[in-house]
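Below, each structure is written out as structure tokens.
Paired with chain B in one complex and with chain C in the other, chain A is shared by the two complexes that follow.
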Partner chain A sequence: MSAASPTAGITPYAPRIRARRGLSVGFMVIALLAITASMLMLGALIVEILVDGAARLFTDGSATAQEVRGATLIDLPTPENMNWLAWAMPVSILLPFLGLRVVRSLIADIPALAERAIGFATTLPVAVFVHILYVRFESAYYIEYAKAIGVDGASGNIFQLFAEASGFQFVRLIVAGLILPLGIIAAGWFWSNRLRRPSLLLPAIATAAWVVYLFLDPFFLSSYPSRLPAQAGLFSAITGTLYMMVITAAVAFPLGVGAAIYLEEYARRNWFSRMIQVNISNLAGVPSIIYGLLGLQVFVRVLEFERSVLAGACTMALLVMPIIIVSAQEALRTVPPSMREAAYAVGATRWQVVRFHVLPYAFGGMLTGNILAMSRAIGETAPLIAIGALTFIAFLADSPTDDFTVMPIQVFNWVTRPQSGFHEIAASGIIVLMLVLLVMNAAAIIMRQRTRTDW
Partner chain B sequence: MPRNFFTLMRSSAPVGTAAPASNGALLEPPPSMKRDAADGVGVHLDPNLEAVRHEFTEEVETALQLRNVSAFYGSFQAIDKMTMPIPRNRVTALIGPSGCGKSTLLRCFNRMNDLIPGARIEGEIEFEGRNLIDPNVDAVEVRRRIGMVFQKPNPFPKSIYENVAFGARINGYSGDMDRLVEDALRRAALWDEVKDELDKSGLALSGGQQQRLCIARAIAVQPEIILMDEPASALDPVATLKIEDLMRELAEEYTIVVVTHNMQQAGRVSDYTAFLLAGEERVGRLVEFGPTQDIFTNPLDQRTEDYITGRYG
Partner chain C sequence: MDGPERDTVRSLLAELWRERLQPSRPGSGRETPTGKLIHGLLFLTALLSAFVTVGIVLVLIFETVEFFREVPFIDFFGSTKWSALFAEKQFGVWALVWGTGMIALIGLAVAIPLGLMAAVFLSEYSPPRVRAVVKPILEVLAGVPTVVFGYFALLSISPVIRDIFGQDVGIYNALSAGIVVGLMIVPIIASLSEDAMRAVPRSLREGAYALGSTRMEVSLRVVLPAAFSGVVASIILAFSRAVGETMAVTIAGGGNPQFGVGPLEAVQTMTAMIVQLSLGDTPTTSIEFKVLFAVAMTLFVLTLGMNFIAQWVSHRFREEYE
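Moving on to the complex of A and B:
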């Protein structure tokens, strides 16, 4: 197994090494840039968490962060009760990763952990200092700018500034647009080397969080749709998407994996199984709107799910089922026949072979396929419009039978509005959608690498 | 009357043997067979000819009795009407050139061919009074009692402990699992090398260790017969020697059938040898069967002699 081999990551193939070395100077620069950027954001996170949290603790929620910092910043969201959510999100992303690393390190060796902790601890003050400088500079600029365009700091948020100042936004777009891909490339470079990996994880996440912070007012993620572009947000769309995806996965994954196991492990190779196989391939190519019409008739009307999360999820499950089946079949085929023979030879039944050997060895591949299928479902709009998903949801779904909306539909709705403000937030919505997709696909790639077995 | 192979054969099998073993002398092969063999490599095998059998020099029970066993892959016939016994608590080697049906025959013994679509077996393999090939016989039970070790070491990508314990666990073993694992690993001569790292993945072992792990895995189910399909072909000479020693030791408790391409190995480890050969139509047939000593020092069939002396390549 590669995990146990000390030579993992060292390729014995000389020409490839040379090619990599040629590129490595460029990568080094990129990585330094990304790490600098991430330090900025890390500092921002810490300052915001500490200062904001302290403000709420010591002033009983009446004072906002800008007051604590001398009323320099005007970008914090106005509804105080939603404030925590904006920071809870990146932190909740950060913590599991951090925890995973720490636990894994504890298992591996204590000295490495200590080394890492020292490295991390020395990074913190630098990051905080850099961020304070940055905030000083930015806030001075904001105040001037807000006065110039006549925006009242108390009523608007940072997004309003962006929306009305496309020139300023453009600069930030360039900066963030460069940092994100460069950060990903640098992450790949670090990831390819086992020793450098841990040192990158935190900065990489912090970089991603920074990009989100540059583009999106946290308020945008935590507020409901509105008739005013400045107050409209994606909250109901994000939760609707999550809700639908969970149900879709719960429906499609067991059915798809079950179908794949039947086709690969149980079905005899005859005309019937060939017909099923061909039809699965065909279904993968059917336009999604057709599934929408099918879902409208079957789930919405016949089964009377109405236009609920459940109906949408079932329709999506049908849509992604062929992808899940085919990818699960691929995963099952990667388990060598010798493993099945070995299990049969000690007296295992067919089900025991599948349950204890084939399925566990193929599960990583199946999950990867599932995530990729889910990331397709997240972007699908047509079938949900066909079954009548709503576009203006000012509440959260309580049960699977509630009305819902999803991110692409919300974005679609904003794009169709005549006001230019909505077009701007549509762009922001697309970025959120894209980030979610990137994270999901990255998770799929990492999972595929981690669960690979060298037979 | 000695309960030797021939008496067993005649009492149970309708197929006649070449000649009665009245005085214990070696049998003379029919002249036609010698003539065919003289034509050289890829000789035509007369399907009606009986295989030559040496008389046994010891009393031995029969673990498996094959009668007219034929195997097919779809329309292709891989082996044709083989009739022979597998002596109990002995090592029996199946030798012959590639494609003569050795592995196919071996896989018939524990119904492994059931897993290949289109494969079927005809004839009878008697095991404790029952015909293994009968569809009413539970193949899973057959495989539990007739274990198998494969050509390429194929440990599960799990811990060493789990590799050994798996078979016993799924078969509902309720005793002390730790002791069973230790016992199996000891018998497979692997315990001393892995006793401190039973949690390590089976894949992290060396090739020879992996193969011994596979043998331990087979032993842990407590089978009566162990089938080995070229168990040492992927190993270096040192590991090969270990496996061979192990086979000799295991033969005291188990019946072992081993397929091998290595003449020296067959000579070293086996008590009985069956020589298989496929004719031009690529249907494998049994040519000669008997105690290894006799087969190697005094082959009755010209083709056996050619193969053993290396004239077949």
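Moving on to the complex of A and C:
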């Protein structure tokens, strides 16, 4: 008998096993490298934009930068010209929260109402801040307007604004100047109600925003486009984006949610609902520029909206509707059938079931989808170019039928100019645009987590 | 409570049951007039999406037919010369298809390796915590406005390409536009492929591991083939997105509609041509305005066809597991 070991036939394969393991590790390293490389590349590009664009957004503290560019439009509180608000704001935000921390460490169980009141007190300054910011922007416009028509002594204070405002201007003042701050207060109330422990997140965000605001150079955000890069600003584009988004959301959200409710709660599973469903997913894949041509023919020419905010908003609403429908459908599907059956069992009609038993649970998800759709709409450029939104708007839209421009179109216009000065302000514009998108996406993610219900 | 009183209560209850408490089941239920009105309104909103499609098709067909009344079919699809803005007009759409195809293919060449690597890594290698962070970042990346990518292409990538290939390469070239289009569609491929790979049941992986496979072998020989239909569908969708991409290729691609130019030269895509014609003040009766719609029709048919192929692939070749 030879002394053959039982593993004799296997040993030759050990190097192969090692090689296979080595290959596997190598593969993982390559995968990691690929991902890291692409992330690094994007990171480098973002840093480049920040470096290029920051110069125009922030002051270095000296007054000369503004003198070089010419007269500023508005007298915002800057580091040189700091008023009591600059200090009162972060303090008034931080104090209640720190106070709540102290109180909590002393008293184990504070009443729920006290907790709510403190949450309310924290968001109030933020709301006031937003309101002041908005009114300052509005007054800038009115002061310029008064100069242009030759009226002296226009101070741009809030009472004068309301006295002279009319029609769409009035709506704008109410919506942005009052409803926005009120919304923040409501959000703070909701937040403090949901949050069982004091969080520093909100005051931290507010304080950061305030510090940024202190060093922000108001010139870029509050002046109109210009032939000279040093004097060009993003004001008409920011306001144009704002108005367009408000109308787009007002048009697209009800229509999209309605379609989703019909498809999920009413439609029978037949060829018709299948066709609509396939159609919606195909619409989501249609290039955005084709929606622009649709808007050009239907809204601009047939319905005669001209090249207005309204035409742009309607086009955008059609573009984002598939996103809203699909996300609303997903939100409706997360509500378990037992909820509906229970409601039917006690005799609710179909609309009562939808309105009182399904919608309340699905609404958070729907709003999240809406925010995501709006963030898509903010970045879209091509359809608005197709319907003929202008790139040089040296006034504010006073009604939904006025010409307009939006942030990405302004950025596009600056990027395609040969002078490098315009490239710099394009980078500044991109920073503003990306900040808005970041805030919206963060809001959507937070909202998705807060409104999720586990059944 | 007895006698007539009980009868009254009973009849009242019966009445109530008939009138109010009858359950209305989905599809068969009784609805109040208000309910019917709401039902009708909701139906109309659902129908709107169908109208949008019909509207797009009608708008495109109407002007395209007008266009082909003036320009013969063969001049549009049978020629490779495009000069819509010159006195002597030529409308050979292949010059635009060339630019579109080149940029989209460069984009795919960038995006397929990166996207698939990212998908394999996220689905097979990464710990859940990393995945929970990276996946939302990818989705946010997909939402970055395309103008921003145009800025990248023109002012960041183009100079690098000129450093590598020499300064005689133009600042507008197909390569830089293609690279950013690739970066733009990486999230689509990564996210959709990852979904397809995660849908592969665990038992398949465990079986392969039990036979002594390494992680790479499981990823490449078990998971990837099992998720193949989803991966291919994601690539086709990404290609369709690259074809329909507008702003970045308008900014970085240049305006040179020519058939047969190389990747280091300026090209013009179909979408960029539409933007160029839209930016000018084109009278609505002119031939330039009508050709806009003929090009858009070509684009629409192309992307729609690809979306249908993607859907067909993901249904037809789907591996079904219990």
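The rule is short, and it goes like this: the second predicted complex is superposed on the first by the 241 of 455 C-alpha atoms of A that agree within 3 Å, B and C clash if a C-alpha of one lies under 4 Å from a C-alpha of the other, contacts with A are read in each partner's own complex, and residues count from 1 in each chain.
The rule we apply is simple: a contact is a pair of C-beta atoms (placed from the backbone, for glycine too) under 8 Å apart; a residue touches a chain by one contact, two chains touch by 3 or more.
This one's a predicted model, so the numbers in the text were calculated from it and none came from an experiment.
Peer 1: Based on the superposed arrangement, let me know which partner A:447 touches: chain B (first), chain C (second), both, or neither?
Peer 2: A:447 sits against neither chain B nor chain C.
Peer 1: Applying the document's definition of touch, where does A:344 land relative to chain B and chain C: first, second, both, or neither?
Peer 2: Once the two structures are laid over each other on A, A:344 reaches both partners.
Peer 1: Given the superposition on chain A, which partner contacts more residues in chain A: chain B or chain C?
Peer 2: Of chain B and chain C, more residues of chain A lie in contact with C.
Peer 1: Touch check for A:435: first (chain B), second (chain C), both, or neither?
Peer 2: Neither chain B nor chain C is touched by A:435.
Peer 1: Which partner does A:259 reach: the first (chain B), the second (chain C), both, or neither?
Peer 2: Touch status of A:259: second partner only.
Peer 1: So, A:242: does it touch chain B (first), chain C (second), both, or neither?
Peer 2: neither
Peer 1: Pick one for A:356: touches chain B only (first), chain C only (second), both, or neither.
Peer 2: first
Peer 1: For A:279, is the partner it touches chain B (first), chain C (second), both, or none of the two (neither)?
Peer 2: In the superposition, A:279 contacts chain C only.
Peer 1: Kindly classify A:408 by the partners it touches after superposition: chain B alone (first), chain C alone (second), both, or neither?
Peer 2: Touch status of A:408: second partner only.
Peer 1: Which residues would you name on chain A as touching chain B in one complex and chain C in the other?
Peer 2: 268, 340, 344-349
Peer 1: Quick check: in the complex, which residue numbers of chain C touch chain A?
Peer 2: Touch list, chain C to chain A: 20-27, 29-32, 34-35, 38-39, 41-50, 52-53, 55-56, 59-60, 62-63, 113-114, 117-118, 120-121, 125, 134, 136, 140-141, 143-148, 150-152, 154-156, 183, 186, 214-217, 219-220, 237, 240-241, 243-247, 250-251, 271, 274-275, 278-279, 284, 292-293, 296, 299-300, 303-304, 307-308, 311.
Peer 1: Show which residues of chain B lie in contact with chain A when the two form their complex.
Peer 2: 110, 112, 115, 117, 140-141, 143-145, 147-148, 150, 152, 154-157, 166-167, 170-171, 200-201, 203-204, 214, 217-218, 220-221
Peer 1: Would you mind writing out the residues of chain A in touch with chain C in their complex?
Peer 2: Residues of chain A touching chain C: 20-21, 23-24, 27-28, 30-32, 34-35, 38, 41-42, 44-45, 48-49, 52, 254-256, 258-259, 261-263, 265-268, 275-276, 279-283, 285-294, 296-298, 301, 318, 321-322, 325, 340, 344-351, 372, 375-376, 378-382, 385-386, 388, 408, 411-412, 415-416, 423, 426-427, 430, 433-434, 437-438, 441, 445.
Peer 1: Which residues, counting only chain A, touch chain B once they are in their complex?
Peer 2: Chain A residues touching chain B: 1, 4, 268-269, 336, 338-349, 352, 356-357, 361, 453-455.
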